[in-house]
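What follows is a short report on a single structure.
All chains are identified by letter, namely A, B and C, in their written order; residue positions are counted from 1 within each chain.
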Amino acid sequence: MSETAEHTGHHIDVKQFHPRAQAAIHNPKIRKNFRSAMDGLMSKRKTAFEGWDLETLRDLGANVRLRALANLPDLLEQLEEKLTENGIKVHWAVDADEACRIVRDICKARDAKTVIKGKSMVSEEMELNHYLEEQGIEALESDLGEYIVQLADETPSHIIMPAIHKNTGEISQLLHDKTGTDLSNDVEYLTASARQQLREKFMNADVGVSGVNFAVAETGTLCLVENEGNGRMTTTVPPCHIAVTGIEKVVPSMEDVSALLALLTRSATGQHITTYFNMISGPRKAEELDGPEEVHLVLVDNGRSAIYQDDELLDTLRCIRCGACMNHCPVYTRVGGHAYGTTYPGPIGKILMPHLIGLDEGRHLPSASSLCGACGEVCPVKIPIPDLLVRLRQESVDGDKLHPAKVRGHGAKRSSMEAMIWKGWAWMHASAGIYRFGTGAASKFRALQPSKAGAWTDYRTAPKLAAKTLHQRMKERGQ
Amino acid sequence: MVDPIKVYPSKPAKVYFYGTCLVDMFYPDAGIAGVELLEREGIEVLFPQDQTCCGQPAYTSGYHDQARSVAKAQLDLFPGDWPIVVPSGSCGGMMRKHYPDLFKDTPDEVKAAEVAGRVWELTDFLLNVCHIKLEDLGEPTTVAMHTSCSARREMGVAEVGPKLLGQLKNVNLVEQIRPEECCGFGGTFAVRHPEISGAMVSEKVETLVDTGAKEFVTTDCGCLMNIAGYAEKNHKPVSGQHILSFLWARTQGKGGQQS
Amino acid sequence: MSSRETILQRLRNRTGGELTVPECDFSVLVRDDWSTKERIERFEKMIESVHGEVHHCTEDMWMDRLAELLNTRGARNLLIPKQHEIGQALRDAGRDDLPELLIYDEPIESWQGHLFNEVDASITSTRGGIAETGSLILWPNDDEPRLMSLVPPVHIAVLKASELYTTFHEAMKAQNWAAGMPTNALLISGPSKTADIEQTLAYGVHGPKELIVLMIE
């Protein structure tokens, strides 16, 4: 069970969204790095789905995820039973702290000093690296992007491409400063140098920690999607492999996986498939010559079962972490991943993080969207992200008496001033007579309209009131 | 998001015209142009004088009680069985897509769903219900088009504007890069997150200017106010108008003008 | 209460009540059955688009092609399966144009350094391929352990054209994966790669820099 937090990690104040966003907007390098990366990803995704009945495929993706969620407790039990039968040990963690402790205990039992990591967003959510360091265990990222981010003592700015905010020159300088790699703009050289450094680490690591893309209940299989091969190294070379995953990642069968895999890689990076699709169903058997002798799975709740309670919010748990929503988000493209200050940035972060950190801490997240709908349009499992943003806005201000708010920290954004403005607005607009009088008077005295209108006119001219309202003109026409 | 298959009604004798508050106060010409186009198609236009606002600003700000009270006042405006046409994808989307959710589990649930089912974005209605044929009487010109996000994604009318403009033989329609990207308006978003909204609209204007077109048209007055307002304040060589104003002016042999 | 029970109980007693289970229609994943020729062409196109190489061979001459490929790369050795017919055939051939043949017949712990630093290339069998995505299906086992297809800089895979499936969905159904999976199963689609540095592709970041498919027709 949850105790008081044992570690605080790299605490970032999520509430400071605005200053970070503003700084990013005025940083031409950040703007350029994200704009060009997102443009590339959007066009690759489009190409990758050519020849597909994409709407039907997305429907299938949504249904596969909804079916799994509908049976979630049963599937988790089936998964546990099957994994156990296969020789994989299953652990359950109510929150991030407990998940960290489980990993630590497994490491301690093996007297492990070094952990090599494959990419795992759940481990970012747990702030596992920081925790293990505090426990005297070295945790090293092996995904090239994560490795770069870790060397820079930063967090990922994108869930699929962690170092997307950096350009080659910056990365070269970083590798030079931290590892002694010669300065170079040759990506192949920089990559080869990282390969050399990390191979040593793989060979000497005591434990490998990875994430999981899909956990299959029927066969007891952990599926990992990757291009680099570091995931395979992490899960094969060290004598112990610990996989960490959110409880929502379980699906009934490999057939479900075939549908989700078709959507995941195309949505994420526009690849028809990644280089490696790694399916792990057990530790090394007696006759086998490699592979870990121990495999563990840590099932992490950390707020997910709370999301699960509500029929609408539940859709958040459909997510397969492809990142397409951020790739297509005009806000994410402008401010980059770090502005959010959250583990998951972009649209998915805006609808997921408030549950993990509370709506008080995450109060600026749901409103930081123009509700343009690009995220919902590309989501491979059809999460209605804009609707969920509106729902969370309502939760933030406790704005619906019919549907009382339930998310942790709800109402944190409600101010009596704003509430009063909306009440006044509703009073004026719910009565046609008052509305016509008010708009008519505004038109009549439009010469008095101020040329400044708050933040609006920092960037634009104020809209100009017409001499006569449409109501008046239609009335003149006999309507 | 949009109904997977839209079932267009056959062309009716009458329609209800829902003007929207932005058109009402700032762009009544666009509303009048819409009315003229409908009447030229032989449709009688009913304008309920008691209409105010669809309730969207409060809805997207999370103040659903207030949104519901304003929206409720609109539900009684359309007693006949005529389609409701709206010169805005955004307000149309609010009414068509969000009214059913907003009134779920209330006594108005059935009525809200019924009203929602009759709501049409006006250009979509002109093209696909009236099967309008436009005769271009204007001088050769080049325009770009910005379809609002709600028109595109909630009302599913991304193809409509370009098709209507395509009927105008002297109009050269050019496409900006990333036509589907949001202009940064987003209602209260523009004032809650002014820097982000500003960064979005500046790029939108840049891409419009890059097309070489001196004017753009759009389905929604929110986008118009945002894009044209930015261009005006920053002296960018592009101006805008509602697509309905443009279509009406082109087919009347006079240039579009705002009063 | 254990964390396991806490979590399961929260999920079982959800305040929203029972959830409806939607139907899942997988027919969108089913492709019209492509001819063998179409499958070969598609496979080749897809795997080449991600930097893989395909060499068309016959039962009689694949070893000649293999020798050629290894010689042009200056490979000093080749890691082969011990029991699989590919390994048997290579050893039985006794050819002098092949590099030194190595067998993975000891636990990794006893020769990890050698495998990581000294082995230039490996050859493995496959359990078929997937045309649509240009993927190889591998089920590593004690004869062809997991690291064979990962650690050496060049991985050569032998694929029978007759074992090409159209889609992943078809392959898993045909091979009845639902009945049980091996400790490790893989789809491999090209050499190891990364685009983590400014979206510029680089190969061989952790695994093989080259993936060569000998397609036996």
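We adopt the following convention: a contact is a pair of C-beta atoms (placed from the backbone, for glycine too) under 8 Å apart; a residue touches a chain by one contact, two chains touch by 3 or more.
The shown structure was predicted, so the numbers you read here are calculated from the model rather than taken from an experiment.
Taken as a contact graph, the chains are arranged in an open line, each linked only to its neighbours along the path.
Taking the mean of each chain's C-alpha atoms, the chain whose centre lies closest to the overall C-alpha mean is A. For subunit B, the chain with the farthest CA centroid is C. Remark: subunit A and subunit C have CA centroids separated by 30 Å (rounded to whole angstrom).
Between the Cα centres of subunit A and subunit B there is a gap of 33 Å. Distance from the subunit B centre to the subunit C centre is 53 Å, each centre being the mean of its Cα atoms.
Put simply, subunit B touches subunit A in their complex at residues 1, 4, 17, 19, 21-29, 31-32, 35, 45-47, 49-53, 55, 57-70, 72-73, 101, 105-106, 149-150, 152-154, 178, 180-182, 184-202, 225-226, 229-230, 232-233, 259. Those residues of subunit A lying in contact with subunit B across their complex are 18, 21-22, 25, 31, 39, 55, 330-331, 334-335, 366-374, 376-377, 384, 387, 390, 392-397, 399-403, 413, 419, 422-423, 425-426, 428-432, 435-436, 439, 442-443, 454-471, 473-475, 477, 479.
On the subunit C side of its complex with subunit A, the touching residues are 1-4, 6-8, 10-12, 14-16, 19-26, 28-29, 46, 50, 104-108, 112-113, 116, 132-135, 141-142, 145-147, 150, 167-169, 172-173, 177-178, 180-200, 202-208. Across the complex, subunit C is touched by residues 1, 33, 36-37, 40, 52-53, 56-57, 60, 62-64, 66-67, 69-73, 76-77, 86, 92-94, 98, 142-145, 148, 161-164, 166-168, 171, 187-188, 190-192, 194-195, 198-199, 203, 218-221, 227-230, 232-233, 236-237, 247, 253-256, 258-259, 261-262, 269, 271-285, 287-291, 299, 301, 305-306, 308-311, 314 of subunit A.
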